[in-house]
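A quick write-up on the structure given underneath.
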Amino acid sequence: MRIFLLTKTPQNERTKLCLRLLASSEDALVYLAGDGVYNLLGRGEEPGGIRQAANQADKSLTVLVPRHRILASREDLEARGISADGKATVPADFYDRLVDDMMREGSRIYTF
Amino acid sequence: MGTLTIILTDGPYISQYAEMAYKIAKAAKAKAHRVNIFLYLDAVAIPKAGQNPAFFANAGELFAELARLGVKVEACPRCATARGYAPEGGKSEDYVEGIKITSLYRLAEMLEESDRVVTLTR
Amino acid sequence: MRSFFFLLDSAPYGNEKAFGLLNAAAVSSKMNVAVGLYGDGVYLALIGQDSRALGLPNHSDILYAYPEMRILAHELSLADRRLMSASLVERVELMDEEMFLKEMLQSDSIILL
Amino acid sequence: MGTLTIILTDGPYISQYAEMAYKIAKAAKAKAHRVNIFLYLDAVAIPKAGQNPAFFANAGELFAELARLGVKVEACPRCATARGYAPEGGKSEDYVEGIKITSLYRLAEMLEESDRVVTLTR
Amino acid sequence: MRIFLLTKTPQNERTKLCLRLLASSEDALVYLAGDGVYNLLGRGEEPGGIRQAANQADKSLTVLVPRHRILASREDLEARGISADGKATVPADFYDRLVDDMMREGSRIYTF
Amino acid sequence: MRSFFFLLDSAPYGNEKAFGLLNAAAVSSKMNVAVGLYGDGVYLALIGQDSRALGLPNHSDILYAYPEMRILAHELSLADRRLMSASLVERVELMDEEMFLKEMLQSDSIILL
C-alpha cells in the first residue's frame, strides 16, 4: 500500500507532483495534514468561475481518489474553516492511524 | 516493530513541521517503533533551550519530551556549527536535554537501518 | 500619510508568514495600510476558522480587530482555488486583477514577507 | 540623504537574503543614507553569537559590522522570545554586539520614517 | 522611476507577479540578484522544445524590458553558469548602483 | 541494498537546499542513490558554474565527486525553463516524465528537502 502524506496547498508544485504519482498508484491512501487539507476545497468543476482552472489537465485530489481512501486531520480542517463534507474521513486518531498504515508490512510512505 | 526516520529542515514556528514531526514520532513511539529524527539545515534550531513562544507550543520542550521517550534526535554538525550551536563532544550547551549534534554520516546510517523515512519540509 | 500594501501570498496556519504579516500590518494601521490577499493568501478569507484545537491564534480574528486596515482579495486567485462561491470573511473586498495591481503600484511601498 | 529600511524574515545560510541585505545596507551606509534593518520571524537568528560557517560568510559578523557602521539592527521580540533569544533590557546575551531586541511597533516607526522599504524574503 | 529588484526564478509566482507589475510601468529598471539572474536564460521562443511554455500569456523578462534597463549581479551570474550575453548590463558596482537608483528622488523600489 | 531517490526541486545558490540535498545524497552514496532534478532543481545541471566570487561552494563539483550517484533530470522541467538546448553537466541523465515518476516509485524512499 502506498501512503501519501500531503501537507501542501493544491497550488504548490509538490502537490502537483504528488498527484501525478498518486495517479499511477492504484492502492493509494492519502493523509491530509497542515495546508494539505485545502485539497478538499471545491470539486472537479467550478460553476461560473471567472476563468477555468489554469491547467485543465491537473485533476484535483478529490477527483483522483475515492473519499474512503482520504483521511484528513480534524484540527487542521477546523483551523482553516474547511469542512470535509463527505470528501474524506476525519478520524479522531489521525496520527495513530497514519503510523499504523505507514509502518504496516509492505507499505511505503511518501511525504509532500 | 519497525524503525522510522524523520528528517526536518525548518526551524520552529516558521512552519508546522516541527509540531507535525512531534505528533508522528510520539504516536510511533507509543506503538513501540524505533524512531530517529535528523535535524538538518534550519531545523538545528528546534532544540534550542529557553524558547518561550506566546502563541505556539514550545518546540524545544516537545523535542526534549521525545528524547525522554527514547526517540533519537540528532543534529547535523555543519548546519549547527554554522548557526552558532557549537558541537562540544556532541552536545550543544544551547540545546535542551537529550539532543545530540552528531554527523551527517549518521543520517546515512539512519536511512540504512530504517524501514520508513519521512521528510517534512517546506 | 504614507501608504503600505502588505501582500500575503501564503496560506494561513501552515506557516508563520500569515500571522507575521497580519501583526506587522496591524501595528502599522495608523498609517494607510492595505492587506492584499493573493495566491495562496486568499485562503485567509475563508469564514469559520477555529484554530483552538490546533493551538494557534485565530488569524481571521485579527482582521476584525483592526477595522482601519483594508483587506483586499485578488479575484483570479480566488477563482483558481474555486473559492468564488465559498463563504468569505465579510471584511474582504474582492478586486479584479487590474484594480489589484493598481492598488499595489499606488502604495508608497509593497511589503511581502 | 534618505532613510532605508530593510525587512528580513529568513535565518542565515538557508537563503541568500541575509548576505544580500548586508551588501545593500553597506552600500547605502557608505553613501551616508540612514539604514534600518528589522529582523522578523526566522531572521531573529541572524545575529546569534558564535556562528562558525565552514562554507559561507559569517552572518553574525556581517551584521555586527553593520551595527558598528551605524546601521540600526533591531529584532522582533515575539519572534526572538519564541525562539529562545530572551529580551533582557532589549539585549539578548546570545547576540553579537550592537543588535537590539525592541518591539514590533518599532517596525511601524521605521516604516513611517523611511523613504524606501526593501523586503528580502523567500 | 520604478526599480524592481528581482531575486527569484522565472517559475516563482512572485516573479510572475513582478513581471505583471513591470508590464504596466513604462519607466521600469530591473535589478537581478540571487536566483533572479535565471530570468536571463533563453529567449521569448524555445526552438524545438518538448512542449510550448506552460502559459503562453506569460512573457519573459527579456521580452518585456529592453537590455539597457536590466542590470545583473556578476557573482550571481557566474555562480549559476549564466551569461548575460547582451541581455543585461553587468556592472562592477551592482549594489552601489542599486542604492543610487532606488534612493534617488522620486523613485520607488519593489522587491520580489 | 536500499534505494533512495533524493528529489531536488529548488535552484542552487539562492538557498541552502541544493547544497544540503547534495551532501545528504553524497554521504548515502554507498547505498543505491539517485538525485532527481525536478522543477527549479534542473538549474543545477547548467555547465560552467563558478561560485568563487559569490563565496559559496561549487555545487556542480559535488556531482563529479560522487560518480556512484545517478543524476537524473526531468525533461519537462528543462523544457519549461528553455534548457533543452543549453549545455548541461554531462553526468546528467535526461528522463521523460513517465520514466522519472517510475524511478521515484521504484525507490524504497523519496527524500525531499
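For reference, chains read A, B, C, D, E and F in written order, and residue numbers begin at 1 within each chain.
As a working rule, contacts are C-beta pairs under 8 Å (C-beta built on N, C-alpha and C of every residue); 3 or more make two chains touch, one makes a residue touch a chain.
Keep in mind it's a predicted model, so treat the numbers as computed, not measured.
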| item | value |
| --- | --- |
| Intersection of contact partners for chain B and chain D | C, F |
| Chain separated most widely from chain C, comparing mean CA positions | F |
| Chain pair with more C-beta contacts, D-F versus D-E | D-E |
| Intercentroid distance (Cα basis), chain F paired with chain B, Å | 25 |
| Distance from chain E to chain A - Cα centre to Cα centre, in angstrom | 36 |
| Chain centre separation in whole Å, for chain F relative to chain A (CA means) | 27 |
| Numbers and ranges of chain B residues touching at least 2 other chains | 13-14, 16, 41, 55-56, 78-79, 116-117, 119 |
| Numbers and ranges of chain E residues touching at least 2 other chains | 7, 34-35, 54, 108-109, 111 |
| Sequence positions of chain F contacting 2 or more other chains | 13-14, 16-17, 39, 55-56, 109-110, 112 |
| Complex contacts: residues of chain C adjacent to chain D | 2, 4, 16-17, 20, 23-24, 27-28, 30-31, 109-113 |
| Chain F-facing residues of chain D, complex | 13-16, 55-57, 122 |
| Residue ranges of chain F in contact with chain A within the complex | 9, 38-39, 97, 101, 104-105, 108-110, 112 |
| Complex contacts: residues of chain B adjacent to chain D | 11-14, 41-42, 45, 48-56, 60, 78-79, 81-86, 94 |
| Touch list for chain E against partner chain C, complex | 2, 13-14, 17, 20-21, 24-25, 108-112 |
